[in-house]
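There are two complexes below, and they share chain A, which is joined by chain B in the first and by chain C in the second.
Entry: the complex of A and B
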């Protein structure tokens, strides 16, 4: 039990389960299946962008990717435009989305490394360029996703939403990368002390470069899925996911100062973030109260998780 | 430095000499559009309409220039700085879609003091020296309940999808809906979520509250959120209620599909993005020396069961149902306010 409460991610799951129970109580239990499915569906998108952001934040103080929303918008817009409602183009669309992610990731790191711009500024300026490209590509017109792809993203396998299964596969890969590979050790080492990491012979620049590309690619994939799920790309479709991607990382128990991260927490936090809004909507709170309560609840969860770590 | 000084001097001369020839001619007048946001399909359509109508006007020599400027961050401070730049650049009129009804008043006053005509539309400013082309958003909200009351006299539960919290338009439409519900107490708002005028946000919010809601007879909306709501209902395997739409092409196309399949009935209401062109003509008329009331009202664009097909045909795929205004339309709006 102590071993379990010592894990920083336990708190986000505990909070998610608590909020789920309170929400379901409103209807006496009849909403449990519907709410669970909706939660898994929408948490999936936050999980995918959250994992990318988590890798970047793990790199240590100052590392953050603010180009996530613009990347989602551009990859969704471009992929749907290229696919143009044809089922045969689905794979090509995914490839385009991934390439968009790779290009933006390279661009981000080029600004950070070559021009020595701090990541927060570099990725923000990159996001303006990317967002303008998205506007220029299609001027905000919505193109429908191919039928098969849209069916896939909106349906269920064994009662579990397909997008949640995709997020699960990506999470397992991320967990493996973080815990079982040299690369995972390297980013943790860089996050704890980039100077020590460099002295130990770790290729710091190469590792950071790969991490920024990885984050952009995950955001691009999330954009591709979200655009297919919601029936077309919109210019503001990524806006929700900037703060979301950072919030799920922090609530999930990843150290904001870097060097220590975990994948399960991203899931707990993503489920929690969707459920909190649903709970407050269900109980009929107005927008003002809802935002205040959301803030307070998030602070409470972070304090609970952080407090344990101090006590340990 | 000397060039800068010369430029400033020539602007000053232009400003001094301009009023002399103002009474009938606008051929040498420059109009600027100050726009706070471009990040959704409605705003893109608004800019496209502006471009189309003003290019014609410039090539016909009606005005000398009509340049659109959009701020990057949707911030009132940024837009205030932009307006100050436009004043220095010597525009004769500034047409504004404002980030805030009050925060730009200082900059707008400066423009007025410099002799510049300021016309605000959609996102209007409260500064008395500016003209306002307002939409009666409250009536827009109320019209939804009126429609539903006629369609389902027995009433029932409503789900309300609101816009972006804290924006005045959201409060006004909501007030209209509330007034409508008070007048027709057979309706009850069973749930309310914020959809931020975006399909994916609306879909997410509706999917979250839907499992806890009783049977919903109708969904009242603010535009840009109807299709997302429909998808959330379909995903939850619930009967599709009457969803009021917001003139987006995907909403209209979905409505048409449902209408053909099972006789689905609803209505759709929003303001046409082409209202920017109305603001342009109003500014041109003011520069032309016409007497124009400070408060003008633009009608909203409503689509019903019988004119759905016609509107769908003229709406660009993936865009928004739109109307572009001509000089005559603007004169009608001006006369109506007299």
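Entry: the complex of A and C
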């Protein structure tokens, strides 16, 4: 039991389950399946962008990627345009989305490294450029996703939403990368002390570069899936994922100071974040109260998690 | 020596027991310090020296035993200790790097307050530095992070001895000379004697036994959390001290590798502008970088390393490995276990296509634990659970576990006990015999004497090259000062 409570991700799951129970109780148990499926679907998008952000935050203080929303928008927009509602182009569309991610990742790190701009400014400026590109390509037309892709993202396998399965596969890959490979060790080492990492023979710049690219690619894949899921790309489709990607990392128990990351926690936090909103909806709160309560709940969770860490 | 004047008890820790989990750090140790004496405290890494210091300065409350300040059983804790005039210079330097020297003085000296404390603090530290280290070159208005590690140590020592309202009664010096060169260390020891003769007390912890023997009135030897000897310093000499600590003195059986330099150098660095000597290294050599502390030796090592190891692409075959001296700055990964800290530089050999083979990793780290005697029950314990000297051993093992042919060492033996040093020297010799090259910056003359060839640094460049029998303390000192003002 102590071994279990020592895991930082346990708390985000406990919070998610608690909110789920409260919500289901309110509706007398009738909503449990529907609520669970909706939660898994929407949490899946947060998980995918959250994992990318987690890798970047693990690199240590100051590392963050604020271009996530713009990346999602541009990759969704471009991919749908290329696919042009044809089922045969689905794979090509995914490739385009990934390439968009790679390009943005390279751009981010080029700004950080060549112009010596802090990541927070570099990725923010990058996101303006990317967002403008998205506006320019979008030009008011709303293209539908290919039907097969749209069906895939909105349907279920064995009762579990397909997008959640995709997120699960990506999470397992991320967990493997972090825990079992030299790359995982490297980013954790850099997050603890980049000078020590350099003197231990780690290619610090190469590793950071790959990490920023990885984050942008995951955001791009999330954009591709989200655009297909919601029947078309919209210019503001990524907006809520800026704070979401950071919040799920923090609530999930990843150290904001870097060096220590945590994949399961991303899931607990993503489920929790969506459930809080649905709970407040179920209870019939208005939009304003809902936002305030969401903020307060997030603060409470972070405080609870932080206090525990100090006590150890 | 102790019976001439009735001495007053400054602090006493009697029958103190402290345990961290299953580890007994102190097992019934007694340490009484009287006014006007310098007590030397020696023992191996992990003998309990730092723990008893923490008990005395109030940072640690013992599970059993009593602490009294000034003979009276009064309050305990850090505040009580400070109120009784106990000050401590820690082994791990504890100045705040982002503050100026005067601001650090304000942090450490609570009675430095009221209007104009900056000015008074500056004057205080300036005066004290000049008194302890006459002729030093520290700019007292600078921010601490601009100082070298030796200068930081000097500043911390000066602040600890400084008196605002009341003079400190007891100053605890934990490895005070670890970053200082011989000249500065001698100045400090002379000051300690003056301080003691005017009625103050000093508790001196050092692995440099010569200092302990020449400076202390009384020597306390600790082993496994107990005090095993407490006698006047005149009863000891180096051999007896080392034997009391529990290790056998080994004769200086070091043979310089007699082989002549053959083949092409494995390393050759053109001289800096304004200097004329190239830094060259041949296979199997142990090369010393000597000179006064902070004259560019560390920078030279960093330059060598950074030039050889790419920052973008993992090296197929690492050319060099680095052993840090300033562990907190560029050595340990503090969130990690001992195991991960040890294996980080050799992951390539421990993995298949970037996937780490954890069994092999465990086996290799276990073999290093035995070879270099890292004192821990489990390599999965956090690195910070180890004492400073043992952390240093982990960093050594990290470098030696790589396949690199050249190992750079940035004064890595700081705070390492005599027995461990001997063990590490043995390993160095064996590794050099099998063709590895070591480039070793050391502030200790005993270590410089072990080298095959020595480059003496002055003002950031190589001033002289000494070979074989020319490597003597006199030779190194002469080259360190030649041409310049003796600092």
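Here is the rule we use: the second predicted complex is superposed on the first by the 311 of 312 C-alpha atoms of A that agree within 3 Å, B and C clash if a C-alpha of one lies under 4 Å from a C-alpha of the other, contacts with A are read in each partner's own complex, and residues count from 1 in each chain.
FYI, contacts are C-beta pairs under 8 Å (C-beta built on N, C-alpha and C of every residue); 3 or more make two chains touch, one makes a residue touch a chain.
Only a predicted model underlies this, so the values are computations on that prediction, with no experimental measurement involved.
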item: Which superposed partner A:196 touches (first chain B, second chain C, both, neither); value: second
item: Touched partner set for A:242, first chain B, second chain C, both or neither; value: neither
item: Touched partner set for A:205, first chain B, second chain C, both or neither; value: second
item: Winner by number of chain A residues touched, once chain B and chain C are compared; value: B
item: Contacts of A:68 with chain B and chain C, given as first, second, both or neither; value: neither
item: Which of chain B and chain C A:260 touches, first, second, both or neither; value: second
item: First (chain B), second (chain C), both or neither touched by A:287; value: first
item: Which of chain B and chain C A:182 touches, first, second, both or neither; value: second
item: Partner chain(s) touched by A:34 [first = chain B, second = chain C, both, neither]; value: first
item: Chain A-touching residues of chain C, taken from the complex the two chains share; value: 302, 305-306, 309-315, 318, 321-322, 324, 329-336, 340, 344-345, 347-348, 351, 354-356, 398, 402
item: Contact footprint of chain C on chain A as seen in their complex; value: 180-183, 185, 188-189, 192-193, 195-206, 209, 255, 259-260
item: Touching residues on chain A, where the partner in the complex is chain B; value: 23, 26-27, 31-35, 38-39, 41-42, 128, 131, 135, 138-144, 154, 226, 229-232, 234-237, 239-240, 274-275, 277-278, 281-282, 284, 286-288, 291
item: Partner chain A, residues of chain B touching it in the complex; value: 38-41, 43-45, 48, 72, 162, 165-166, 191-194, 196, 198-201, 203-205, 207-212, 227-228, 231, 235-236, 248-250, 316-319
